[in-house]
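You will see two complexes here that share chain A, one where it goes with chain B and one where it goes with chain C.
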Partner chain A sequence: MTYDLVVIGGGPAGVAGALTAARAGLRVALVDSGARLGGQYFRHSAVPGAEPGLGRFLRQGRALGERADVLLRHQAWSAAREPDGTLVVHCVTRSSSAPGGGAGERTVAVRARRLLIATGAYDRPLPFPGWDLPGVLTAGGAQALLKGSGVVAGRRIVVSGTGPFLLPVACGLAGAGARVLGVFEAGVGLGLVRQPLLALDKAGEAVRYAVGLARHRVPYRTRQAVVAAHGEREVEAVTVARLDKAWNVLATRVVECDTVAAGYGFVPQIELGTQLGCETRHDVDGSPVLSVDAAQRTTVPGVWAAGEPTGVGGWRLSELEGRIAGLAIVAGHGTAPRTAPAPSTDAAAGPRGDLTTARAPAPGGDPAAAAGRPGEQEMPGEPEVPGELEMPGELEMPGEPGEPGVPVVPGVLVRRRARWRAFGEALQRAYPVEPGWQGWLRDDTLVCRCEEVPLARVREAQDLGATDARSVKLLARPGMGWCQGRICGYAVSCLAGEPPRPPRRPIAQPVTLGALSESGEASDRAPADDPPPHPNPRRSS
Partner chain B sequence: MSDVIVVGAGVVGAACAYYAARAGLDVTVIDRGPVAGGTTGSGEGNVLVSDKEPGPELELAVLSNRLWRSLAERHGGNGGFEFEAKGGLVVAETPEVQERLADLAAEQAAKHDVEHTLVPAGSLRDYEPHLAGDLAGGVHYPQDAQVQPMLAAAALLGHGARSYGRGTLRLRLGAAVTGFTRSSGRVTGVRTTQGDVRGGAVINAAGTWGGEVAALAGADLPILPRRGFILVTEPLPEPLIRHKVYTAAYVTNVASDSAGLETSAVVEGTPAGTVLIGASRERVGFDRTTSVPVLARLAGQAVALFPALREVRAIRSYCGFRPYCPDHLPVIGADPRVPGLYHACGHEGAGIGLAPATGHLLAQLVAGQEPDLDLSPFRPGRFSEEDQ
Partner chain C sequence: MTHPDFLWRNPDPKPAYDVVIVGGGGHGLATAYYLAKNHGLTNVAVLERGWLAGGNMARNTTIIRSNYLWDESAAIYEHSLKLWEGLSDELDYDLQFSQRGVLNLAHNLGDVREGRRRVNANRLNGVDAEWLDADEVKKFCPIINVSDRARYPVMGATLQRRGGIAKHDHVAWALARQADAYGVDLIQGCEVTGFEITGGRVTAVETSRGRIAAGKVALAAAGHTSVLAERAGIRLPLQSHPLQALVSELLEPVLDCVVMSNAVHVYVSQAHKGELVMGAGIDAYNSYGQRGGVHVIEAQMAAALELFPIFSRARVLRTWAGIVDVSPDASPIIGPTPVDGLYINAGWGTGGFKATPGSGWVYAHTLAHERPHPLAEPFALDRFTTGALIDEHGAAAVAH
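Up next is the complex of A and B:
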């Protein structure tokens, strides 16, 4: 069967997009590799019960389950277009209860006319001596520990890195009974107030976390970071350094602990988009993200993206984008997917650079605002449950490309998104990764843990003529292992002196050869016939 | 000013530079990207004599095989590029195919001294314990070997600079060649995005882009891309596969003129513990879009050869564009139309294997010596009408 829409990712973006489309009557499938919906934030609730938006997310998830096929434990490893234009998402699943399931993996192909990529982001780690010791986790990895309480209680944890998302992690860990010995923010820390946009709403949350940290007596130190971990078989202590502006080490001290949670921002997960040929751009922090227009359309016809693959800005932005994508998909439903690529986003071209949807609101008499709820406050606030807000009659069909100002999406959502996006970009600007971390490394510090590549080998590759990250990888193997450079890719780019490039991962997730060999079957009509086996190469033709 | 400018820092350009330096020439290697950033960085490292029909290419391959071995010996045993004389095993699905494989091997031996051993079905597992049980036999080629192509290119450039060049093998990376400088018809150097570079001769080793570089000098060279996908598995704790193992169908695919997809499993282990599964062949221009049917087919063929691979995970895949000429032979020699310009490109799916012989013969030519092999089958002018 061919769905109207397949959504990859069951975080706030994917669920909002899927639910919006399903409520409008589209046949929708959502795939997620996790055992539950929720994504990075709602699946590993950092402050159980107290998470803003969690209750609402859970309601959305339940509503989605009634209206769409939710395929959990389905890991998408490829997104492709078949010769007839159908989009197909290849997944592997291990669920043995499914029909045909046995011991091994199965591959499942989900076909649809439209695709929404909502695959989120993952933590961006930086290497440091000892980061390969058991007990060193990413911030997200530490958050995942919270699921099983008791795993955390009694641990002595140090949180280090940069960015405001360290705070909920630390609060969650402390709340679950861990001793959080400190949050070491390599940057300037709670400089939120210095960013006017950030002061708006987010400050409320920041204050909440500051209170939480104070209650648990968790010290919060800026311009400090864990620059080395020590231990025989696992972490026993870390070196915490005071840093200068460029993150060079000024002074150090040793802190005994058994766990380190470190995170230096996020890497948007975009390889399913790049597999399909979607254009990318560099976000403020240098991360490659998928280019989308005001309707969240990528440059590939029939393919939308929402949430962190288009730029990191917190769960509210993700949810809004998912919802906007859902509305746009609904509005375009019934019309054939456009064959010409959508205009790519040019940050300078105005709000998301698209003419077919609402433009920037003119104060006062904004035509697009009519589509939203009158009197709706425009500041970033709690978005509503998708579908609650708009009456179907308020949606209009998209105009032809070039025909300005026909709103697909209520202007109020567009404006909110602009606010949250500005907020996300301001965060990225406020917490940059400074180059001094490279000085934390020693020659024998592993840069790539999968392939056990030390810094010295990276430098050797550069001496051999590797002038970019790809050739460093080819000559020294960082990024060739199990994680395909997800963990070390950013660091290797920095060491090679270039911004990270969009990933080339034709196989987005590991898949057994057995399962892979079965993936071709349904679409085997495409390839040409094999010539008959014939060992003698001197052919008559 | 250098004696020789080599355009392209792939394995072929590196070999040309190495042998030119070894012959006492001053060399400058220019590449628009890094070392091994072209097809050399997206192929496999098979150094094969088994897959070629008797003729000029096999002659080149046999010479090159010998040169790879001596390069490895000369530079520390594995050459700094993971040289492994692991041998190849070609397997046949049916007795008829086995018979024809045997005929081919006999002919390769008679004409080119290629060594082989016929392997009856019952002995296949002495060579490869995990092979499928339903095969009809095979042929073992002890000369087949393997190198790590990217390291090979880098190491040849390094050895060339350190061992022979007295500092005269220079590398200019990040400079794209945009044209040629000439004086009274003769090439005197190249124009690049980083300024002009002067040299007594220019070797075009631009691989799949060799046609574009030739065109900058006004010479027509019909070199086109032939796409290939490779699957890479997770590293295995124990080596599962000892030789490079492929089916007889591979041999026909290599020589095929079909534009459509052809796949035949070539399966081998690497020192890193991964298993490489190649290789598909398609003419689809420079299209990088992943083709799931192609990957599925490669996986299926590998599992058919080695059932134990079924539960092994593929963790990545990559594709590259082999530089091919209409007659499937490389272009090696002086361009009669452009004095001072030499070509060393178009090696299709054998450029790694053929690189040392190409570099060695071309260095002889540029240094004014008689090449060890007759280069006329590879002459650059062979595609033009005057040549017919």
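Up next is the complex of A and C:
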């Protein structure tokens, strides 16, 4: 009836975690709302191109498809624990043969003993006058259109925001034939090069993008940003400002264009974790993320998280975390899911400091697999680009697998994760959002587009005594509309002068009443080798 | 207008008050308002541990009606409804009180009998009530599915035309503004943690912002009342449950009345902006976490969609829960307690929003005169020892 593991999210983190577990013999299901695996970084069209690393990812995806149930176009809207401890992920999927209304939506419940949350992140936008005009997109949105559907968002495009992830967006758009009129980085941009950590691996990539921008003659300007968009019915021009250190406007000029792609960092998607009661912490950039231990375990027994829900640091970190989670899940497989938060012995500092230690392997399971011998856990695929994924020395495993106290996550992975995390945190530190953006807004600038709440209303709510984002919401309604604060939540928190709070959304993604009403008797998605599930008796009221 | 254009003060607590009201929801604010207005008592504080009206007052589905079965209930709820009818003028604030009619559906012969009996009882008590058969229901609310093949066929309904909805935050703001204008201190971020009781009489409350002496202490803490009362050594016959509701995306106007179905535990209205507001039954387990399980509302939504097939594609944006305090007979408890000077007003359960002005009115009177208002008298705590219960469970233990 139940899987050993269900993974939510088919980006680098989810695929690595699912594949690691499936290769060790666990019955795994992976759900993703997209039509194809890939997530944000490896998003690709039906006929994939030749982006670096994509071939390898696709092979992982295929290997996963052979060993696990990959449920695409499945949107998870709720994760909950049943009284017997089973975790159930409620999904909706569109299918033409759906029984009964619901806009062709069908509900599917996936049950498992363990859950890995790998739901990635989405762009963090900042409001500015005119950001509600057609033609203003998030950077990730423009990239997704291009990578997923081969659609170039506009002809004359301006990219603005902060952080190195603007570069691939600009490169991609320019490479696809758009005229990219500039990348306006509100911070100091490549100053990161001065960060010693960058010297590690990331430099190669930054150089690649710099070359790409040069080839297409895309200007890259730091301490500049789009502070307003203009147009009658859609974007016709933008105001680009020169900024001081705190992002106050020093001087402006107008640039004619038809599209703006803007992004100021990321919002990790952690709703499914907070639904289950996972504890959160604030990342360096203020984003609430799920707290995890050395084995990627959240504070809720049986629930792991990997990739951007635990903090943003690029796809390599996501993949690595997914893999570590997979190894830890495999190691714990066969032992009953704990009912209390991880006992201290589990993540105890081993002889090498930060190692995670194993329990006994699954009875009857392959001890080598269960203990996660790295040689066998390695992703299938082409020989690794040296320095990109593999490090010499990784294959060493001290001790015999299966013995209590044996590391299940090879130390080299743990150390590498520490390095990548430090890198991700350094990135966040190097590209902070400075408060001066609040001065870009006018009284009538919509802060919340769904409920059409202008800045003036937010300020009035504060005059009324609202000192936190929640009270602002109660008085002025930002975040009460369609997106439930996903877009404006960060900005409203900044305006209210507090770090964003973890989301409290019992429904992770809007779902139709039809789907909600069916979820009580949703068809169970069960591993193929199981007997068909009994239909759920209808709940009597 | 989405928010008030006025301020209330944000005072620090004084060392002592004549009356300290614990809980700044609708009932606490209404009590403060009527204490000042009807009884001239203004040395009063409302202590709220969070922000004003952020509890059930912010979470309820705002159905207002007075068609309760028993004389005692009909009297107090009808008193409240009459107050609603003049409240926008009185408070000088548009409460968006809309008397659009409330339908209570009957799905089986038992419901029909109960509904007709209720209509008669209501009329005898001067409460407007009508019985509609299925065709009349369809005429009154065309989008209801009255097909007799439905799992919950509609066999008729009671209708109270004077019932309806109001905008809950406007109600809270308007009451707060008036209470503040009378000089009542509305103190937010001030949690009551205990009581000082000397010689059987309460003399002060302990709070997160220090000790505050009080001539009288009036509990108005809804779902948290029993926890508080226990700190004063009183065990109340109340159970706290999460009650859930949800809101959809905005729709064009399609539903211009309130529809309730006790048998299937759902009630639906369309708010002024266009979103559907739907409530469900209470979660069966006791809890203080303001978050209900999604599984609890699935069956109810299935039933709701059978009544309103047209809504199946409406997207749910959010669900939430409030903690409601349910008494054994589903009626409130109003009046003095075994501790002198300590009063309670609780047990409004799933249906206390509609009572906001009426409850405040009788509670203020009870506090001012140190004896129950005649309308409150039947709702005394001792009915659970005398056995004079006022059973308003109705068809299925929901009374919104």
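Heads up, the rule we're going with is that the second predicted complex is superposed on the first by the 435 of 541 C-alpha atoms of A that agree within 3 Å, B and C clash if a C-alpha of one lies under 4 Å from a C-alpha of the other, contacts with A are read in each partner's own complex, and residues count from 1 in each chain.
Just so it is clear, a residue touches a chain if its C-beta (ideal position, glycine included) is under 8 Å from a C-beta of that chain, and two chains touch if they have at least 3 such contacts.
Quick caveat: nothing in here was measured; it's all calculated off a predicted structure.
Trainee: Give the label of whichever partner, chain B or chain C, reaches more residues of chain A.
Mentor: B
Trainee: Between chain B and chain C, whom does A:232 touch in the aligned arrangement: first, second, both, or neither?
Mentor: After superposition on chain A, A:232 lies in contact with neither partner.
Trainee: Should A:66 be classified as contacting the first partner (chain B), the second (chain C), both, or neither?
Mentor: neither
Trainee: When the two structures are overlaid on chain A, which partner does A:474 contact: first (chain B), second (chain C), both, or neither?
Mentor: Both: A:474 reaches chain B and chain C.
Trainee: For A:84, decide between first (touching chain B), second (touching chain C), both and neither.
Mentor: After superposition on chain A, A:84 lies in contact with neither partner.
Trainee: Touching A:453, do we find chain B (first), chain C (second), both, or neither?
Mentor: A:453 contacts chain C only, not chain B.
Trainee: For A:505 in the superposed arrangement: first (chain B), second (chain C), both or neither?
Mentor: Once the two structures are laid over each other on A, A:505 reaches both partners.
Trainee: Touching chain B and also chain C: which chain A residues?
Mentor: Touching chain B and chain C on chain A: residues 78, 80, 90, 461, 464-465, 470-471, 474-475, 477, 481-482, 484, 504-507, 510-514, 516-520, 538-539, 541.
Trainee: Along chain C, where are the residues that touch chain A in the complex?
Mentor: The contact residues of chain C facing chain A are 2-5, 7-8, 10, 51, 54, 58, 169, 188, 248-250, 263-265, 281, 291-295, 297-305, 309, 311-320, 396.
Trainee: Considering the complex alone, what residue numbers of chain A touch chain C?
Mentor: 78, 80, 90, 100-103, 453, 457, 460-461, 463-465, 470-471, 474-477, 481-482, 484, 504-507, 510-514, 516-520, 538-541
Trainee: Under the definition above, what is the set of chain B residues touching chain A in their complex?
Mentor: Chain B residues touching chain A: 9, 33-37, 41, 51-53, 90, 92-94, 97, 100-101, 103-104, 150-151, 154-155, 157-158, 171, 173-174, 229, 231-235, 247-249, 251-258, 260-263, 272, 277, 288-297, 299-300, 302-303, 309-319.
Trainee: Please output the residues of chain A touching chain B within their complex, sorted ascending.
Mentor: 78, 80, 88, 90, 104, 275-277, 451, 461, 464-468, 470-471, 474-475, 477, 480-482, 484, 504-507, 510-514, 516-521, 523-524, 526-531, 533-539, 541
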